[in-house]
Each structure stands twice: as C-alpha cells, then as structure tokens.
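Lettered A, B, C, D, E and F in written order, each chain numbered from 1.
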C-alpha cells in the first residue's frame, strides 16, 4: 500500500472514549510503525476530578504506545458545535497531517459523542480516511459497522489500558468481560478472534494493495 | 500494511460491467503488484454474439493488466440465485484465495447485477474484504459509497479498456465523457482528481498502516 | 397484559437456526407458561444426513421445553418463494393461532434465511407480533435490533440445546464462547446480563401493561 | 408477562403533544392498572397564555386517568440540549422508576420535539422500554412505526381529552376527524379498528408472555 | 410546465391494486387532459374467477375515465422476475411512450407487488418519472412517501371505482371507511383534505414551473 | 399542470450556495415564467469581506434572472436554530407565498447547511413543495436524490453566474470542470445531458399533468 496510514489521529469526547472505542487499533498501528496522536475534547470533569481523569488516560495511552496525548477543555456534557471547536480540530489536522481519523459516530446517543462526530466531519473534510468507532452508547439499531480491525492477541493490552481508569471502575462497560465480549462479537462478524468495529465515513485508498 | 490485498477477484454479471465499475482500480492494483482475476457470470448473449462479447472483455482486461479472465455461462438477464451459482463462485475463492472481492451492489436496478451481489455475499462470506462497485444502473438514492480508490492519471487506460467494447458502442454510458464525468465527480467527493467509488460490504484490516 | 403471547411459533430455515436465534427466548416463554411450536422449513440435507439433523434439533427443542417440532421438506439452500411455501406457513398459523412469530430477518445474507423472512411477512400478515432474530449470517451493518429478551440465567440451557448439534460441531458459531459473547453483548446493549436481540417487524399490543 | 410495564412515564414538549401522540395508550394503561405520569417540558407560552395551556392539559390528563402531571418551564420553541434538561428528566426516572417511556421521535420536524427525543435517549438510557410516538409534525418518509397499541373503543375518551384544548381549537390536527383518521389508519396497518403507532427505540422484555 | 405528464401508465399486480393505490390520481389526470393507461400483470385468479376480476377492474377504470385497460396473464401469487415479464412492460413503454409510471413499491410485503416494483425499475429505466403507490400491504416502517397528489373532492369517484369489486367485498381494505381514512391521513400529511401518497423512484422535470 | 410552481424561493446559508446547488433550475424557472426569490441566511463574512460576497451573489443572481435577492445577517459558520431564524424564514413565506422551496439537505456535513435545512422544515411546513439541493459538502453515502431538473443547455449560464464569485476562485468546487462534471453525472442518472439533483422533502401535486 503506497498510501498507507502512517499518521493516525484519534479523537474522543472524554477520557476513556478512545481507549474503549479503538484502543486495540491504536496499539496495532503503533506496533506497525504508525505515529499515533490521541485528542480528548473534554477533561471529563462532570463527575470526577479532571486531573485524575487526565492522568488515567495519559497512562492508558502510554500503555498503548500512543505518541502524543492532548486534552482540550470544552465543557463536559456540553461540547458545543462552534467555530472555535472546529478550528481547534483543524489545528491538529494542520499540525500532524494525519492520514486517518478515528472519531465518534453520529449514531451515538451521548450528546458529546454526537457533537464530536459532527465536528470531525467539518474539521477533517480533507483527510482521506475517517472511521467512526463504537462506544457503549451507540444506538444498536443505527450503528452500522462495515470496517473491522483485527486485534486478535491484543485484548490483554487493551485491558491494561482500560484498567488505568480507576476512578471509573464502577462502570459496567469498563469491566473485563464487557471488553472481551465486544471484541469477540465483532471478531466473529469479521471472521477473526477479536476485532474493533467501525463505520466508514470516508475511506480513500490509493490502490487495493 | 501487513495484511494487504495481494489477490483481487473482480466479479461482474456481463462483459463490460467490471471495466466500467472498477477498471481503474484493477489497473492500479496490478501496477502495485497485486494478482488480479476477473470473472464474468454471463457471456452477455441476449443482444450480441457471446464470442464477440468475450473477445472484447478479454482485450479490455489485457489492457488493464488483469492476470486471469473467466467467463461462466449463466443465462444473460436471468442469472439464477442457485446453489450451483454460489458453488461456482466458491470455487474461485478456493482456487485463488483472494483478499478482496469487487462485485455488484445490491442497490442496483439491473436484476443480474443484484443477483450477483447477493450471490457474492453468500459465496464470499469468509473473504476479508468485499467492496461493491458502481454501474450506470445503480439507484442514485440508494447506492451509498464511502470507499474511494484514487485513480488519478489512470483514466486514459480505463478508456482504452472501455473502447474495446466495439459491439456496445452505441451505449451512452460507454462514451468517453460519461466515464470522465463519473471519475471526476467521485474524485471530487474524495478530494482527488479521479476516483472509483464503492460501498463497503465488509472490510477487515489487520492494522491501519 | 391482557393480550399476552400465549402461543409462540418459531420458524427457521434449517435445523439449528431456531436454537441459535431464539433458544433462550423459547425456554423462557415455556417457563412462563406459553405454548411453543418450532418449525423448520428444510431438513438441512445439503451437507449432512437429514435424519441426523432432525434428530439433533428435536433433542435440542426438547431441552428447551418446546411443545411441538415440525420439519418441512423444502430444498436446503434453495427454499423457494412459492405459493406452496406461503400456504404451508399459513397452515401453521391457522392450526395454532400464534400470538407471536419468531422468524429470520430480511437483513440476512443467507438466501434461505432471507427467503423465510419474506415468506413469513406474507404468510403471517394477520399475526399481531412478528420479531426477526439474529443469526451468524445477518449483515452487521443492516440488522437493526431494537427488541431484546432478557435471558439472564438461561445461557446454560441454551448451550445444552446447541450441544445437541453434534454433526455441526466444527462450526465456529456453535461454540460455547460464541454463544456467550453474543448473549452478553446483546445483554450489555439492553442493560441486562444476557439477552437475545430482535428486529421488530410488527408488534401489536393491547396495552402497555 | 412477569416484567410488565407497571409504571409509564410520558414526556412531551408542549401541552397537547402527549394527548395527541399517546392519549389512547395512556388511558388503556391506566385501565389496565398501570401508574401513569405525564411530563411536559414547556408550558407552551409562545402563542398562548401558559396558565391556560397548563390548565387545559391538566384537564385532558384527568380525563385519561393519568395520575401525575408535571410542567417544566423550558422555553417554548427553544428547548435546549443541556445538562440541566437531561438532569431534569433523570430526576423523574429516579423518582418514579418507570418501566416504559413514551416520548417524541427524532424523526420529527419540530425542533422542540426532536430535542426532547434526544434528551430522552440520554436521560433514560437505563429504562427498559422507550417508544417514540407520532405527532402531526413527524416526517412522513422517516417516521418508521413498528409498534402499535390497540386503542379500539377508546377514541371517544381520547377525543374528550383533546377537546380540553380550547385555546388551540383552530388547529386542524386537533379536529375530531383528524384524530379518527389517524387512529383508524394506524389500526388498519396493525389489523385492528384503532391504534396508536410508535417507533421502538429500545424494548427489553423478560419473556414473550 | 413544458414537459408535463401527458401520458400516464399505471401498473399493478392484480385487479384492484391500481384503483386502491392511485385511483384518485388517475381520475384527476384524466380530468386534466392526460391520456391514461392501466395495466394489470395478472388476472387475479387465485381466489376468484379471472373473468369476474377483469370485468370488475374494467368497470372501475371506466368510472375513473382511464382510456386503455390491459390484463396480462402472469400467474397470480407467482409473478416471475423474467426476461419475458420485463419485455412485456417494455412493450407498453414503446407503444405509449408514457411520461410517468405509477407502480408498486419495493417496500411492499406482497411478493407480486414487490416483483412488479422491481420489474418496473428494469423495464422503465428510460421513463422520466416513476412513482410508487401505497397498498394495504406496504411495510409501515419502510414505505417512505414524499410525493402527494391532492385528490380533494375526488374520493367519491374513487369509491365508485372501488365498489365495482363486488367479488372482493369482504376485504376490509376495500371498505369505504378504509379508503377515506387513508386519503384523509395522507392529505393531512400534505396539508390538503385528501391525497394519495407516493415514493419517488425517479422524477425528472424540465423546470419547476 | 394546474397547480404549477409559479413562485420559487431558494434559500442558502452562504453566498454561492444557491448558485452551486440550483443555479440552472432557477434560470430555467425564470425562463419558464416563474417568479424567483433568492435568500442567503448569512453574508459569508468568516473569510472574506461581506460586501464583496453580497455583491458577487447579487451579480450571479442577476445573470440567472432571479427577481429578488436578500441577505440576512446570521453569523457565518454559526447559524443558530432559533425562534428568530424560523420567524425570519416564515416572513418570506408570508410575503411571497412560494409554491416551491429549494433549500439545503439535512444530509450535508456543513453545520450551517444542516441548520438551514432544519430551519426550512420548520418554517416552510405549509409550503406544498420542498426540495433539497446538492452542495460539495453533502455526504456521498447519505444524500439521496430522486428528483432531477433537466438543465441541458443552461450550463453556460450557470457557469457565468459561478464566475461572479471572484473572491472564492481558489475553491476547487467553483471550477468550470467541477460544475460540468456534476451536471453531466446527474444528467446521466436522469437520462438527459445535464441536470441538477434534489432530495424530495415533500412534493404536493394537484395532478400529474
């Protein structure tokens, strides 16, 4: 593949969204030689101390091998659809020139997730590949994955990353079994042991090989 | 990309469907080192002599650099949804072990196209990547492309391939302008000069790079 | 609920489809006092002896407590969309007067599954509730479940039923892990431990209570 | 049905939305022994005095037998998607622990209706059943009902409730004929005399009986 | 409108489908000066004598003012998707050169209706306007009308036409109330007293005026 | 056509949106005798001087023969969904009583476009015809055109109008080739030389002729 995804920018609304949605993919991309950047649009301060949340996600991203981690400071639960927010995302696109964006889906019930999905469409309109990952809040009947990344053998690392979120550990979807079930179910749909699933927003290839 | 598409199997209902839908992609894949196989399910005998049609497509595929060209003999305009037709496709999957299938879309108004699309879903259920190409008969409101292959600079070769279909040359959609318009329009949607557009049926990647 | 589902008719294309798609639901319905009928449209003879397949499904249904099991003899892999097939289904509707039908989804890639789904729509047009269950062959991006039956605590019984299919035991989707993963994933979407997921074709209630 | 809908919370943007969308269902639920709560997010003050509007809806709900009626005070025509609005809805969920939510559809053209639909998805993410009712402002081509409540014999009571809205009586959709036409049309789709139609957002059952 | 629909071809699977789906539209088109042709693909012989059915529809069409009525003889309940059936439809297109086709919807649960819908897409691929009408068998959640013809004041004539179907008079959907409810409901969606609703398959205009 | 579109109101978010989306249609409508009004909701001041932008669009509209051109002053890139914005649009509907509205699509990735699309649905709920035009920012997989206006022979005039936007001339989608490709591609889908494509939001006809 001449035009491969050498630079990956993952965007999430809150600390833990990226880990949950595409942690295994990021790990595999790093292992394959990609440069990976993670960007959180909020610091998740609605329920927990923002410093704690940022520290947890920073550790999680370190485990996955992510090269740069950023935290913007848009308000938790009220991420705006503003010119400022779009410009913010455009800034990262300009700085890193990513080939692929991993972001939220517009078919997600969480308002911040949906907002980040729409912001991404506007800000990254010139990036060749945009994929939308799955969260525990996507609508089962509307989230329509057709793209799968084989993460067989990486679930343990993904789990190590998720475990960093000690402050959130009462959340059911952060349990080991939940993670394994989802990876295995998406894997079975794609014909592999474990996978992460994505909706394709736009995927431009240079060739099929 | 560790798990790249080294072997591509393109399936079409009639001679000229593959050239129109994914000719540029096949050419680029060959140039990139892929092994490419083209399979026509009919010989298009309803309106024209089948020998002429097969000869024309064979020449077209030669221009694109396709390595193997096959013509099955299912009845033109009445391709069946039969166990025999599925087995036939499975045979090619077994023989060549393709990584990627390029086939018709279920959102196509031509009965044979739609039938080949459904047959492909059954027969290629274990192939990691299935993409559905565009024909002049897809439903404008239902065909939903999210995957684009950049074929900038290859439109001349695609045109050379299409020109082989002398017996069909009264068909408007085989005109040079039609081809250029479509490539350019799909290119503009993807941010490049010229592209071919696909619906993603299933796309399994090993990593993003 | 005045107008509750006292009689349930589950329809599947092949022996094992019903067990996989709605085995837990049938078990719970029986436990709750419903009368349950299972109907297979083929005897699955394409790959295995039909007597073996019928015996296995009969045993599986017995474990689930299903009251009546029927096997029609439409051709495996080529279930027709015929007047005869519709009449056959109508016969069961007339005989048992079911309140709810559990059947295949039209968003399934297996031709027989899709055919049974469409047949059900025609034959059961006057039955108040029609739900479409999930199989390993549904299209991940098109199957759109909004209805979930809580089968927490019943996965062991479902597994006992699936284990009856000794002749099919090389099939990955009949493994214990696959079943648990699916139940748990659908459960997590519905907020319970384990669930089976359905598309709602039509659901007529007498009241919400 | 072990896990029946003993407590129903109906949410609407403006006085008269609930009556129109699910008045018959509420009446039948009350008759069947359910506890029913109605919550209006605005007092509809854009065109008419809010006291009048509240009085009219209170009377209407009394006729239907609804047990509790609440009016929040979010701004008419500009219901926000805010943390405050979500918290407000969550408060009712905590207080009443409803089994089923009846709310607006996201396929509605009225901005307040759509907003309430999205707010409901966020606030009621742990409630087992969420159904979206029909208003005169849903998009005909997008509102996709699969769930019907048989309200045969209750249209007269529904009409009595609608008649309370004297201040709105120039509105065509509050006419007797409009109500009867809609009930009858939805009934004909479900095979009964009169019905109210719903989209299923999520429906978790304990068993089919 | 320079390029108006001077010639209308209405296609239906069985005697009474056209009357039910677009009877008011045909009447208004005739009144406005259009030439109207009705074509039934079967003679409806499954349940009733075909001569009776043909006589009834001929009378109904006479009442609506339709200029030509044809009955093909494809098998009732088993209309094929064959080259012969497509050619048959193409023959009418060649003979009458219609500007607009009124036909069944692919979102209909009746197999013959669905088949005629797909046949129409193939056969009429060069006709500028194709609209799909509503029958009692369309899927409520999938039929997506955006096009409405105002038939206010014509319901009495439509009823006279429907009354001709004496042999079918036990069918609920042929009752006066059903017809009025549907016309009124669709009218209310379009802002007029009575309307017939259509899905737009393709609509080519020469200008907006 | 008794009830033809004598008055056309085209609404766009920014100067150049209307020209791009429906310039040819407006020109043909004017030529056919319609009264045409163009309304821009912003003056596009984010990147360029608003006076320049307004002057350019005014000139473009003059070339197309549009009778009235208006510029509201909602903030570029942050068009609100407010009561004020809806009232503003309602004012134009009241003043001009248009038969047809041409506006943005809700399947557009640009936030202002999407906002104007939703505003139009609310404000023009009583206008018989609403069509949504295409911009370079619509989602390729979601924009679903079924309505086409034949603009064959008008592309030169459309180009003259687009050329007025000197301040935007570095934008690829304002190039001559882009315009021709799009018109030709949409024309090929509709069977004519050049066309503009629309989604049908609602289209009420008085008859088919």
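Note that a contact is a pair of C-beta atoms (placed from the backbone, for glycine too) under 8 Å apart; a residue touches a chain by one contact, two chains touch by 3 or more.
The model shown is predicted, which means the values in this text are computed figures rather than measured ones.
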Other chains in touch with both subunit C and subunit D: A, E
Neighbouring chains common to subunit A and subunit F, by label: B, D
Homomeric contact subunit E-subunit F: same or different residue positions, threshold half: same
Of all other chains, the one whose Cα centre sits farthest from subunit D: B
Selected from A-F, E-F or C-D, interface repeating D-F by over half of its contact pairs: A-F
C-alpha-based rotation, subunit B on subunit C, 0 to 180 degrees, nearest 5: 120
Interchain centroid distance [CA atoms averaged], subunit C/subunit E, Å: 36
Distance between chain centroids, defined by C-alpha means - subunit C, subunit F (Å): 50
Subunit A and subunit B, separation of their C-alpha mean positions in angstrom: 33
Per-residue multi-chain contacts in subunit D, two or more chains: 140, 146, 202
Interchain contacts (touch definition) - all pairs: A-B, A-C, A-D, A-F, B-C, B-E, B-F, C-D, C-E, D-E, D-F, E-F
Subunit B - residues contacting subunit E, complex: 46, 77-78, 109-111, 137, 139-140
Interface residues, subunit E side, partner subunit F - complex: 1-6, 8, 25, 28-29, 31-34, 100, 126, 128, 146-150, 190-192, 195, 200-209
Subunit F to subunit B touching residues, read off their complex: 136, 140-142, 144-146, 172-173, 177-178, 180-182, 184-185, 188-189, 197, 199
Complex interface listing, subunit C residues touching subunit E: 81-83, 86, 118, 121-122, 125, 202
